Amino acid sequence: MLIQQLVNGLTLGAVYTLIALSFSLVMGILGVLNLAIAELFMLGGYFGFAVVMAQLPLPLALIAGMAGAALVAAIVERIGYQPFRTASVVTPMLSTLGFSIILQNVATNVWGSDPLQLTDEVLSGRFNIGPVSVSAIQLTVLGVTVLLVALLAFLVQRTSIGRALRAVAENRDVARLLGVPAGRVTLIAFMLSGALAGAAGVLIGVHYAAITPYIGVEIGLKAIAVMVVGGTTRIWGALIAGPLMGVVEVMTVAYGGSQIRDFVVYGFMILILLLRPQGLLGGGRSDQGQRV
Amino acid sequence: MSMYYAGLLSDIGILLLGALSVYIILATGQLSLGNAGFMGIGAYLTSWLTVEVGLPVTAALIVAALVSGLIGIAVGFPALRLKGIYLAMATLGFGEMVRSFFQNFTAMGGSGGFHGMHHVSTGYIWTWALVILAVIMLIEASPIWLEIRAVRDDETAAGLVGLNPTEIKVGAFGCGAAVAAIAGGLFAHHHVYIEPGNFSFERSIDFVLAVILGGSTVAPGALAGAVMLVILPEYLRFLADWRFAAFGALLIGMLLVRRQGLLDRALFRLVLPRSQA
Amino acid sequence: ADEVVLGAIVPSSGPFAEWGRTNTATLQMLEKQVNDAGGINGAKLRIVILDDATKPAQATNNLRKLAGDDHVLAVAGPLTSSAAEVTFPVANEMKVVSTSQASSKPGVAKLNRPWAFRNTIDEGVLGRTTVPYYKEAFSIKTVAIIFDAKDATAATVGSKIMPGLMKDNGIEVLNANDPLSFNTGDLDVSAQVTKIKALNPDGVVVSADYSQAVTVIREMKRQGVIKPVVGSTQLISSAILKAAPEIPIVAPATFYASMAGDKPEKFVKELTPVLRKISGLPAEIEPSMYDANIYEIASIYIEAVKKAGVTGKPDDLEADRTRIRDYMAKLSGFAGLGGPIAFNEDGDAIKAFYIVQGQNGTWQSKVRGCSAPDGKQGC
Amino acid sequence: MTLITPPRLKLDRVTKTFGGVYALTELSLEVAPRQIVGLIGPNGAGKTTTFNVITGAYRATSGTVLLDAHAVTSEPSHRIARAGIMRTFQNIRLFSDMTVWEHLLVAQPHTGPFARRLLPMRFSNPHVIERAEEVLEFFGLGDVRNRLARSLPYGLQRKVEMARAVTARPKLLLLDEPVAGMNHDEAETIRTLMLRLREEGLSILLIEHDMAFVMNLCDQLYVLDFGVLIAQGRPDEIRTNPAVLDAYLGQAA
Amino acid sequence: MLRVSDLVVRYGAIQAVRGIALDIAQGEIVALIGANGAGKTTVARAIVGLLPYRGEVAFEGEVLKPNSAERNLRRGVALVPEGRGILGTMTVQDNLLMGLYTRRDRAQAAKDLAALLERFSILAERRNLLASLMSGGEQQMLAIARALLSKPKLLLLDEPSLGLAPKMTDAVFAMIQDLRREGLTVLLVEQKARQTLKIADRAYLMETGRVITSGPASELIDDPVVSETFLGGRAAPVTSTHAG
């Protein structure tokens, strides 16, 4: 059972990591907590479901989910972020909360509040290795997560686009003086993060095969926790923190008692933050850039 | 006044206190998303004191405020190490831990909830709310409030001109926690039933929303925000199924029009020209 | 009076929006039927329906508005137990009848006599019939229990009622000392289900609202735990039957869409097309137990108005409300959709219920029960 | 040099490293009462770091800082400020949403019981208001008292910073490039103010790259290069010191 | 090369620049001097396209659009902003690489970077330090170096000597002259009027949003208005300490 629970924990962790990535793309770089990401994830799920239910292949569902969510993310950026660039960080956080309220309501009106379920499992193959059983979709989620983390880390930390993003976040005018098209760059960041959330929505929706308009809330919260534990400025952080939190959560349920799960999980998060106030990989660089 | 408006008014009063609890902490530049936790502590503690111990409500509220204030100080110290989103998440985690605790705390009903409190009147709730609002507004004219503003603006510079940021930030946490506990106690005695789900992070976010919508630089902003948050959904009922979509849109619209919130110091200066001299 | 005004509190926004919306459609249909048939003693029926967004505090204010501003004679709702817990005290304070269409958490109406009623049966009572059938039908000797810890009703049933009932019926609860739970909104319950799998029980008790139970049942299927599931009325929904058709689900219900009989069949026939026109609801939606319940509640109120000497004059409002309350308390043999309805001294319904089993996509009635106290006539 | 009066400020072999980089190496310096001392040196020499160590913004790696013969090393910065050392900043650091008047109130120490601190200003500590009026007058900021300090022209912002530092009646004032970016006239007014402050008994330690200003004002100069003291003495001695010319002033002189 | 006509810039109700005209020819060093608040910074920011304005700014014969700094940089107009504008949460290295953001000629860019690091050796030493942790003067050097890396044709410098030690100020001014010899055109906004006028070809003197005098720098140095208000003696090198 231990190994099976580890697999459960890792899958859950991968799920967290996937969503944490889209949060950290805008949080780590632009410094805004886009709360609507939880709902972009939900939307991605619904778009993906629509495609899967039309008997179309999974990659197509992924594309639909990513494109749909990226489009909505673009609207969130234009209305919910751009006008609040210069305001305190709480303000864009709340304007994006406005979007998440709207999106939940719209989804309820369009798809209903009942769980929408897939009748057949997509990628239902299972692999049994001894007592452990892993499904194809689980493996897909794990694989895609690692791939996306690597891709994103490369993009943000190694390419000039990532650097440009960070520059815009810190000082928009200066970035423009250096030739960075600031408006376009933030829009791209939001859409990218939206696309990630959408992809996560499709994969995770298909994995659990049931979604509701409120699916993003709890899992979004955990994903933010994962992002914070990993450190917002380092993409790789999420890849460590996600599975860590996933395993802690699952092991608490398995061996400690499921009642105290939230207590333990959040306690663990606080503990890590107290030991490393900028998260595991937050190395404390950009946040500590204070001098007199 | 109809019972309906009295009910809304009670909700506003309680939300006002919750918002003020966030306001005090936010005034020092710290965003707390865990005040529902302090509210829960206050709600359960006062309920226990009135139902099981038999204390009068007012005494119970004062005790709960003190205890929660101490817990707030205890939470405030480690919170000093954290900034921005890290602090917000840590406090949110604290709030969820409190909720999870009461969920398992079968002595007070666990997730089944707790009964037996006596109903308090709207007037009683507002007496508390107004007294605390007045005290905060009074403090806003005091030297300590200037120090709080200085710490929020630039903690390092504040330290270097002789202010003690630790004392101010931790103190604010304590005060915020105490006010949140009062909000919780009143909530419990208004609804005469509480369950852990009442104190989840959504409520903390409501508090923050009230503060930011109303204006986070002046205490009456919390009042304006609380009124809006309670009244708005009621007045949007004619939209039926689209009620909350409209609410979300209005929220964004309001921020777009007045990102500093409905009320701010500039507005006050305009209305009361020589208010601070 | 030329108008009879009733109120209703339903959750048309938030996670239970679907129920609130079908409830609304049901009441609107009833209103139209009554008025088309000439109204109530010549007066038109008007039902004021308010959305509480699944937020208890809003439900209390809804009641205050209905009773205080809209001068309704009686209120149907609120739906959830959490809302009922805080709304019923207000009903007592304002002296207006409030009858929940779905709350089944033990003892909620009892605490708020005499104005609170529930057209539902306490889960403790229902379980006494459900569990023996379940034991019998699937030869259950051991079970594991999993519940939604954030949902007050589900948690009470999962942590108190069900363990007691299992003990009474000689069924061993394998995780008696290690309760398994999750939270409303959780997506992943794989760890809990893996644990259940390791316990290898004969059956699984899932105490959760159906939308949450879907997650558990799907995970059971995924991990190959094909064991019969038992639960409370919270499980009753057509959605849950789609989660894992091969897993049998046993739960009590006072109404289900495929129920036989003139009244329920007529009700379903009339309401189904109405529901299917509402956007956002699944295309194949059917009337739910809570639609039936709220339909009955409003019908009881209407009968009370007709028979208890309710004048409907503004000056008599207080007296009229008392008349309705007294009529409800003494009600007997009201013709509900599934048989006669009355209320016990706790304010909960005495009516027939059915232990239904969901298999291959439909509910099938297995046992008929009655919530009348032992030795009393009721259903 | 300070045989009779003990130095107001004394740095004794202060070293500050940043992960292997020596920003200050065994720096010793003294400021006597009523003295204006200049600290000069090339960019990155460690001048601002010296201020930061004195005021507790940075903790010295080794060495001691003495104020009136009392060690203040490794005290938290607010204590050091209260002990009598106030400063201004190289990059102006005013509180962004405070008026000039509020800046003059906020830095003053509060006397009396804590509870009085919660009362409105006028009841809690009337002396504070008197003092602020006095300083406002001294710096000629009366016209802008109710303006947001941040919205003022650069020169005035510098003045507000100095005024804020002075309200707390410090013994020692540290000024970091007080006339950078100012035109001649503005620099002159600052110079006059500093001289008057000295009259009132204040000691001043000053960093400035404007040599005309420094040479005209300071009683004593210390020259840093790469964290090491390379010269000290009266302005006329320093001006011709070859090491200083080479490291700092350049061939122009 | 640059022609500004009828430039008007307002901040809300305040008109900070009230219709000025400027001309800069290819290869010139033009100085813009004036008292605090005269509007120099505003002019510079408008030219590079950080502000909305009325009037016309033409660069190499083409009209530049207001508020289009990123496009103007690609055309060859760069600004070292007032207050340095370093990206404090990024390392010195990243700041420099940001200077190369629009460069496509990688090999040459790398060479330019190496050359600049040689000139400002402290930047090479502090490569991996967060830019915000550097001293004021070091930050100023970084800002200048970064702007040069984009290989501008026209460089606007807003008080580049702020916070620089005398020797470094001299070095920067010398460098500006070197660069001019390599074909760079410079608009220099400065408070250190005397030194500025020494290296400039021509100068404009601003007061409250208007140009009040302009002409060859060598003539302006002797202009009584200029020397009275701006030279005052203190901007001069150390040798002249007669002020006061």
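Just a few scattered comments:
A, B, C, D and E label the chains in the order they appear, each numbered from 1.
Everything that follows uses one rule, which is that a residue touches a chain if its C-beta (ideal position, glycine included) is under 8 Å from a C-beta of that chain, and two chains touch if they have at least 3 such contacts.
The UniProt protein names, listed by chain, are A = Branched-chain amino acid transport system permease protein; B = Amino acid/amide ABC transporter membrane protein 2, HAAT family; D = Amino acid/amide ABC transporter ATP-binding protein 1, HAAT family; E = Amino acid/amide ABC transporter ATP-binding protein 2, HAAT family.
Keep in mind that this is a model prediction, so the values were computed, not measured.
Following the contact convention of this document, A is the list of chains adjacent to both subunit C and subunit E.
On a Cα centroid basis, the chain most remote from subunit B in this structure is E.
Centroids of subunit B and subunit D (each the mean of its C-alpha atoms) stand 41 Å apart. For this pair, subunit B with subunit E, the centres built from the Cα atoms lie 50 Å apart. Mean C-alpha positions place subunit A and subunit B at a centre distance of 29 Å. Chain centres here are Cα means. That of subunit C falls 74 Å from that of subunit D. Residue positions 13, 17, 149, 280 of subunit C each touch two or more of the other chains. For subunit E, the set of residues touching two or more other chains reads 133. Residue positions 105, 108-109, 259, 261-262, 290-292 of subunit A each touch two or more of the other chains.
Applying the touch criterion to all chain pairs gives A-B, A-C, A-D, A-E, B-C, B-D, D-E. Here subunit D touches subunit E in the complex through residues 18, 41-45, 47-49, 90-91, 153-155, 177, 180-188, 191, 209-213, 215-216, 239, 247-253, going by the rule given at the top. The touching residues of subunit C, counted against subunit A in their complex, run 13-18, 149, 178-188, 190-192, 194-195, 198, 211, 214-215, 218-219, 222-224, 237, 239, 242-243, 279-282. The touching residues of subunit B, counted against subunit D in their complex, run 138-139, 141-144, 146-147, 149-150, 153-154, 156-165, 217, 265, 276-277. Within the complex, the subunit A residues that touch subunit B are 27, 33, 79-80, 83-84, 87-91, 94-95, 97-102, 104-106, 108-109, 221, 224-225, 228, 232, 259-263, 266-267, 269-270, 273-274, 277-279, 287, 290, 292.
Here subunit E touches subunit A in the complex through residues 48-50, 69-70, 73-74, 78-79, 81, 85-90, 94, 97-102, 130-133, 146-147, 150, going by the rule given at the top.
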